[in-house]
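Order of writing sets the labels: A, B and C. Residues in every chain begin at 1.
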């Protein structure tokens, strides 16, 4: 029995362009089979209980298996002129959808997993940053995050100290805002939209809204896929599979403030699909 | 400059990127939107390679579409020692391993594409075929170890090792673990420890090869 | 079950400064050898975010987790957290270790408080570890010269000669791993091929 709090959220289920091109996607959401297809010019998501509420945003199709508790979160940067919008393409990972999000929020792994791109020894220290749960939107935010990166983006030439903000606007979605090498006054936006197929299997849909006038689309996609695929063998080898929401089994440090807030936020809101509650 | 039409997550393309790095050769890499764009199946791409596959290597009017042929070409140009010993037996063994690498791509490689990029197919068959191939590789590498050797043919790494390495090193991406194949694991470590080795996503850097930062 | 030593691998398959995955009594292990040669068997899980330590990297006498680089010393205690270089990690951050002994070219694991040494295997040399999808009964059925339970021994014909073999049995979810030893002086290539043949016969026997 899946909690109503979980059912009443929005989840990504397909790339809009692929469905509009005629693809019929047979997949799963929260353990139930669903189909995503074009019907009379409209994108329809059908589950065992019939059609679901659907919305299209940020290049993807979002569905709600219950009754939407609120509209899908906004990302205003997606509408700014001059931005390159990039659908990075789905990657399937044998892990809890919550583990996939938590990994996206973490920077301490950069020197070891994204070596010589997002981080490198000896620049391993994670400086103090700020985390809050914003009451108006009920979202987790991490701000004033900084980290030295040898190659922060496809458009970067050489190492820079990157400024980051992280945002969790939904249980299985996260957005990061980072220093844009091409335009120092703007932030590049990278999203990770996670479709929970089951509690132990997810389809991850990365997406980006960047300022970059020169890099070919295939290179932007390749760079982001490279980063995400470096995390995949980590995600598939964490024990337990389900994200522990109770303390005791896993030991966080100051660098893990975002993850601590995320886990607390999930627990408080009853968003426990993909989580385990008792420290086993 | 030799141009490589490339996809960052392709195990076959990685064979060529790796070989070039080990040889100290710079390739002009052109990224192809293999996923999600399926650009390699487009009409435009078919003018370059009607088979619609990656990698494709272009050097002047030479167009190569088979990764083993590309390995031979790069070695001939920039590192003939990588072709392996030239005696008939060794040369034949290199050819045998190059052909064997096709089986690794067709089994381990397909399992990986299924598990990671949602390719449709008989995943159980791909994994079973992958384990069967790994057993043969394990037996061969074990016998090489008894003779004091590390590499598939001869006393130095060759294109035979590079051709077989990539799909083996990425096998866990497709749900095939190397836990049962100790000789294979030692062989992949030996390749990863080579001077000028480059990784790809799914193969971590060997941090142990670098000393700990000062003070640690 | 009385505490006892279980073979989990061969020394020759674990060079210095390498970590590998192991299994023991249904648990996943990180078995690793330090730069000085010391072998240890630990719980395969970093207490930080649960990443398998068997994917980690060995530097000197320490094993570090591949995820965030947390460094563990020989006693299993965390020595360094790269995100906080100035911090001395609390002594509570540690990885559970099992008893681990190396003898006769075999790596043995037992409960942490194990007393005594593994059984001595004289006159034998390590051959290889091989995994099978069948059970011990199938192996014994196709090779009557072998007998035993967790240790299969016997005189078998290898290369036209009688050769003593010793197969240390390790059960796992998929079947068996046999850590094989053969008589000192035996032709190891011939012995390895005999083992491949044994596997084929035993697996076909079980499938039939």
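Heads up, the rule we're going with is that a residue touches a chain if its C-beta (ideal position, glycine included) is under 8 Å from a C-beta of that chain, and two chains touch if they have at least 3 such contacts.
Predicted, not measured: the structure shown is a model, and the values here were computed from it.
**Student:** If I average the CA coordinates per chain, which chain comes out farthest from chain C?
**Tutor:** Greatest centre separation from chain C goes to chain A.
**Student:** Name the chain pair with more contacting C-beta pairs, choosing from A-C and B-C.
**Tutor:** Between A-C and B-C, the larger count of C-beta pairs in contact belongs to A-C.
**Student:** What whole-number Å value describes the gap between the mean CA coordinates of chain A and chain B?
**Tutor:** The computed centroid separation for chain A versus chain B comes out at 31 Å.
**Student:** What is the distance, in whole Å, between the centres of chain A and chain C, each centre taken as the mean of its C-alpha atoms?
**Tutor:** 39
**Student:** I'd like to verify one number: the distance from the centre of chain B to the centre of chain C, where each centre is the average of its C-alpha atoms, in whole angstrom.
**Tutor:** 29
**Student:** When you check chain C against every other chain, which residues touch at least two of them?
**Tutor:** Each of 55, 66, 69, 82, 85 in chain C touches at least two other chains.
**Student:** For chain B, which residues are shared contacts with two or more other chains?
**Tutor:** Residues 204, 207 of chain B touch two or more partner chains.
**Student:** If a residue has to touch 2 or more other chains to count, which residues of chain A qualify?
**Tutor:** Only 112-113, 121, 124, 233 qualify.
**Student:** Show me the residue ranges of chain A that touch chain B in the complex, using the header's touch definition.
**Tutor:** 15, 18, 87-92, 94, 112-113, 115-116, 121-122, 124, 203, 216-219, 221-223, 225-230, 232-233, 236
**Student:** Provide the residue numbers of chain B that touch chain A in the complex, in ascending order.
**Tutor:** 7-9, 31-33, 35-37, 39, 115-118, 172-173, 175, 200-202, 204-205, 207, 210, 213-214
**Student:** For the complex, which residues does chain C have touching chain B?
**Tutor:** 9-10, 12-13, 15, 17-18, 20-21, 55, 57-60, 64, 66, 69, 71, 80, 82, 85, 128-129, 131, 177, 188-189, 192-193, 196
**Student:** In the complex formed with chain A, which residues of chain C make contact?
**Tutor:** 28, 44-45, 47-52, 55, 66-69, 81-85, 87, 92-93
**Student:** State the interface residues of chain B toward chain C in the complex, per the touch definition above.
**Tutor:** Touching chain C: residues 139, 142-143, 145-147, 177, 179-180, 182-183, 185-186, 189, 204, 206-208, 211-212, 215-216 of chain B.
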